[in-house]
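The same chain A turns up in both complexes below, where it pairs with chain B and then with chain C.
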Partner chain A sequence: MSATQQIEPNIDHYLAEYARVERDLPGSDDSKRERSAELTRFSEAGFPSPREEDWKYTSLQPVEKRRFEISDEAEPVALDELRAFLPTDLDAHRIIVIDGHFNAALSSLDELPAGVTVRSFADYLSDNAGATVKAREIDEEPGSLTAMNAAFCTDGAYVETAANTVLDKPLHVISVASGVRDERMTQVRHRYVLGENSQATIIEHSVGLGSKAYFANQVTEAVVGRNAQLTRIRIQQESERGYHVSSFFAQQRRDSRVFNHGFDLGGRLARIDTNARLVDHNAEVHFNGVYAPTGRQHMDNHTKIDHATEHSVSREQYKGVLAGHARGVFNGKILIQKDAQKTDSDLSSDALLLSDNAEVDAKPELEIYADDVTAGHGSTVGQLDEDAVFYLKSRGVGEEGARAILTYSFANALVQKVGIEPIERYVEAAILAKLPGGRAYVDLA
Partner chain B sequence: MISIKNLHAEVEGKPILRGIDLEIPDGEVHAIMGPNGSGKSTLASILAGREEYEVTEGSVTYKGKELLELDPDERACEGVFLGFQYPVEIPGVSNLYLLRAAVNARRKYHGEPEVDAVEFMQMVQEKIAHVGMSMDMVKRGVNEDFSGGEKKRNEIFQMLMLEPSLSVLDETDSGLDIDALKVVASGINRLRSPERSTILVTHYKRLLEHVVPDRVHVLYQGRIVRSGGPELADTLEEEGYANLETDEAAATS
Partner chain C sequence: MAAHEDDVEALVAEREYEAGFVTDLESDTVAPGLNEDVIRFISNKKNEPDWMLEWRLEAYRQWQQMKMPRWPHLHYPPIDFQKISYYSAPKSAKDKPKSLDEVDPKLLETYEKLGIPLREQEMLAGVEGAEYPTSGSNVAVDAVFDSVSVATTFKKKLHEAGVIFCSISEAIQEYPELVRKHLGTVVPRGDNFFAGLNSAVFTDGSFVYIPKGVKCPMELSTYFRINAENTGQFERTLIVAEAGSHVSYLEGCTAPQRDENQLHAAVVELVAEEDAEIKYSTVQNWYPGDENGKGGIYNFVTKRGDCRGDRSKISWTQVETGSAITWKYPSCVLNGDNSVGEFYSVAVTRGMQQADTGTKMIHVGKNTKSTIIAKGISAARGEQSYRGLVKILPSATNARNFTQCDSLLIGDKCGAHTFPYVESKNSTAKLEHEATTSKIGEDQMFYCQQRGLSEEDAVNLIVNGFCKDVFQELPMEFAVEAQKLLNVTLENAVG
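The block that comes next holds the complex of A and B.
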């Protein structure tokens, strides 16, 4: 981008918006300077355009044409309004962020194990003079939306586990867009820093309540220390008029493991970037994702696994279930660098089209510069097996039910990988509930 | 139980059934034999409601209802059961899940409450014992990685669970060793009662020694060309289907 580039009117809006809220943003003066540099980066690059290869299939036009504002404070939301998003029997610590602001009253962070810190990201920034908005260890790569988030981020979850500690229960982080006022944006940022040999499971849950259009732009950074293990479960249930963009960056040290499970169910448009960089030997990463757009929903998952050194393992599986006029995009990039000998990687993408009007573009992308590696990949797009539909009907299950059961079973293999039963049941029910006639079969699973 | 009259059907414009008449009284077991491609599976599929076959003429009355007007799932709820010649594998849907859905669909159809979980599992325990399946197997995906014989046992297990009024078993005895054959046969006999009827599609007399049919019919080129008692199976085993050409001529005239 040239320096003389015209600043679009909508970018002007965000510059003014930044000036309006800057004083209230958490963090030291140094971090304010960091934010303002990020704002410049965003304003120069602008919103991603479909001319960029990575954004070929996803237009942010509907986001770009609106003028979203930061909420100075959260709308009042009672825990009761969130009940539907609390998985039954889930024993978890909880952080609730509403309209971009940590809500201490609704959160529940008592009895954390010694050596484990879980707190609001804003507090972390405010309390530590040296704290930076972006983790120093991580290169978020030139992405204008992550820059926008770094400039504007108001709050989120900060998790730090000391060496040899275990977060005893999953942490359920719910980011709520109240949707009460029109054209609001949430800029939420989470950071997880896992010390050597430590372990944590974090559920990142994005939900929308109201009927107004909003923009949720989220970034999560994770630094996963030697032999540490992070399980991240991302459940995206934005409301019908929610525009959701989120990026995850993991940096994995030697012998570390990351299990990332993504479930995209909501939103008018969702774009998710999931990235892991395996910087030292014998790191292992698993990306599993299910996306289930129906109606006119648009869901785009981009992933990138960067194998930088020897003996690392990656396993990636994405499954899409598309109905109505839905649109799905999957782009899975595996980069195996020159020094990453003995890398073992496998990537598969399968999509099920339930209607003639649904469409999916799925592309595995392998870039391999080492010569002694195992790298498998496969991609399928198909329809329901009509013989199986008839088999179920011949046993008494109605047409819609048969289709719902089969569709669900297609995705189920990945849901079962989560390994936390209350979450599995919650996600199962949420997927089934989206399918015509599926609700009746929720309790059978 | 069921009365089939002058049934004609075609697939993709090609006539396959060319006027079938068949009457099966309550409580009877009828065997249907006939060479490959004669239309046996087509008949079975039409009774179960498979849509790719177009019925061009004729009628089927089942328990006084026009069977052809019901959807496949309604037929199932009315007590029709098809044992598939080639049962499909459905990974991701466990046998138990399918059966609970099936049992509940039936109950709902008849205005009854859903099956109680404990009661259901007791039923499963009892029936898997009859067919020699393990709990482990029924927890797996429907027919997932089952051998040919295991799939057929599973069809019989489902039949025992669903207790149909009319079972249409399409070559449930094919590809079985003698032990599995006995399991299948005893499953069929177990359900034999004055209020249930069975159509056995088979190529082999072997099954009919264990399940003695009331009648045996021979289907040839889309028509029933000969009917008789159980002894007809012996005749067919000895003579093959060589004389059917003349039978067909007789049936047409």
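The block that comes next holds the complex of A and C.
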């Protein structure tokens, strides 16, 4: 064995792929150097393996064995094809990214309030000489896949709100994988920078269309200023041949609030990392998530809330509904650092197994170094209460309907937390369309 | 024919080699280091049969392929396994302290607080010529751990019941079939790094065999066993409960023990056949090191029980207050249908102590149940982690688990962490997990002090209340001592 790092052939592929596309990647020469450093980081670390504690239950082998390529340009997709993914009655600004490229024609960004910038991330990189691919404020130790994204990212959404401004309507960001050509990858990157006392609501929607296998690797960075509020709703509806990996990093300043809602419905394999770092006093963070894998889907949610200073609050709730041969993974970590006195934190993870072949692996972690804190977590795994099923049947509801009502009401508690009705209705319909007996529920309602 | 002669010659040559070793047998200690010869030496010294030696050697070969686990939430300098002497005979009289005057006064202070009589103190501190008192006294400690003569009467009683209770070395000589049948079936040699090391070099430990249908007439404790104090740092315990039998086993002692060995790697295996029940209680209070973390025992223990038969039950109860490093996960494999696993734990870390402890409950059989109650108390600069796994295999229909782990933080430099793993592969399983972390409430303290309790007493009261769920699982005498021990341990931790 030589001392030099052995680079696997599939990593060679990505090195070659980078060389091929480097010229076309947006950004200054400085940012190219940044990208190339990230590429080295990725090539040295390689794809994460199940031998790593953070990837214990999720194998990326199906991603690793393929050779994904960047699409030089988007396949033509008409708005009609996306109709199904536009929630009825949702009044929103819209950004559409297809195969990793911003589509101005399909997007609608008119009438933005003064002081609010919403644009393509590629344009942001190209137009600002000093712009960096990675947000300077966020000093998270990147995983190899976030490094891969920093090297390859082609486009995404860039949102900046000046102090005391409000993004008047939600921003609906749809990232589409056309799935027309085999083994394509999208490397989409979003950045949100919220100034003091500003507010924004952003819906990140991942959508897969065609029948070909693809890899969607997405990163979102958010810097949330003093007393600012970010609501992020993530709806993941990749196609059944889609491999989805995404990471979210939020840095929260004093008195800021972040509400993150995740709904994982699609993809053959999905791995989502959601991280928030509360760097100043009195910040508040809420993570809510519903995952509903069916068939042979695999969904892995990892979260980390890092309480770095005093008086911060975190609330986290994840619910999984698993059917068929599905596998769900939840790992929620709450870190309370030694200066983070008076932290108030609570985490719960519940999973409902609807089939004997489904599997769930949950690990709510607490890592606490301060003594004057309140921290708790709860975790349950179970199935529907037969008494409740019986009760509903005795009231004249059919077996299938009874089970559907109970199953959906389990997830519904978190859907209702979104607070934007058209989105709630959209997510409800999307969950019901997947659930066994969902049809029966719709008929009842 | 010629080949045959060669074989004989080779055999003779080998014999000579072994004989060459015999001279070494005269010495009582082997030089530091670990290789196959050292293992042969240990095995030879103990006059073990060939299969035992082979078993040890195989374990050693497997161990060489293994790496020390780095995943625990523990920080300690790397251990050089070649610097440890793997066999040392009982200390000769001249090395022992001549009287209690030569013993660390801090240790004596602790004995005083625990109310341990003088004779017992001498014995625990390893004073020259000290033995168990021959006439029973009625102090709490003695009430259980009485004299040699009493122990002998107990032995007779056990013998009448058909219970075998002896050292594992003795068992290998006297009951080789039983040992061979069960040794390593619960914790295989290649199970983990420390279990592998223990399998290769274990020096002694306990063996318990409860025949079919027998309810062991008394609580068994290592302290009834004569010469129990020299079990060494690689202890191996095997308890086999045949169908319908019942046994309660106590390990350890509330009094802090003087021990020269820094590294401890014990293995405990429990086998419960149909309808059998094993209750295993531990109080561990080894030297934790000084305030700066100097010295102190490294305790790496593999404990596992196999509920082999239907309706069997294994219950682990532990009170862990000692050691600089504790790495310990008493586990249950619930193979039998309707079998039950329990884990009750109180762990205290203070000073620079670190503990990464918890349990594993592996549900295999139908209708299996497990309960986990873990209470962690962290004070000063102590670091404590609860690490647990509840695994439901597809065959474990209607499995049920309840887990509760609570942490109490005393002081702003300590840490408390929980890493509970839940893996469920069966939709009929019901699993619940709850964890809380908090400090002693100011309102609780205020209430107690307002009722006239001192600050110290108030803390003791609250801490004991916090641990009550676990203490009530301990045998009565042990529970009283454990409570006292906790109070002594946490003295001056507040304020």
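As a convention for this text, the second predicted complex is superposed on the first by the 434 of 445 C-alpha atoms of A that agree within 3 Å, B and C clash if a C-alpha of one lies under 4 Å from a C-alpha of the other, contacts with A are read in each partner's own complex, and residues count from 1 in each chain.
Please note the rule applied: a contact is a pair of C-beta atoms (placed from the backbone, for glycine too) under 8 Å apart; a residue touches a chain by one contact, two chains touch by 3 or more.
Not measured: the values here are computed from a predicted model.
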| item | value |
| --- | --- |
| First (chain B), second (chain C), both or neither touched by A:53 | second |
| First, second, both or neither for A:76, with chain B first and chain C second | neither |
| Partner chain in contact with A:373 - chain B first, chain C second, else both or neither | second |
| Contacts of A:295 with chain B and chain C, given as first, second, both or neither | neither |
| Greater residue coverage of chain A in the superposed arrangement, chain B or chain C | C |
| Partner chain in contact with A:419 - chain B first, chain C second, else both or neither | neither |
| Touched partner set for A:395, first chain B, second chain C, both or neither | first |
| First (chain B), second (chain C), both or neither touched by A:381 | second |
| Which of chain B and chain C A:360 touches, first, second, both or neither | second |
| Contacts on chain A seen with chain B and repeated with chain C across the two complexes | none |
| Complex contacts: residues of chain A adjacent to chain C | 53, 338, 341, 351, 353-383 |
| Chain A-touching residues of chain C, taken from the complex the two chains share | 71, 392, 394, 407, 409-439 |
| List of chain B residues in touch with chain A within their complex | 48-51, 71-73, 75-77, 81-82, 84, 87-88, 90-93, 97-106, 109, 141-142, 158, 162 |
| Interface residues, chain A side, partner chain B - complex | 385, 387-388, 390-399, 401-402, 405-406, 408-410, 412-413, 441, 444-445 |
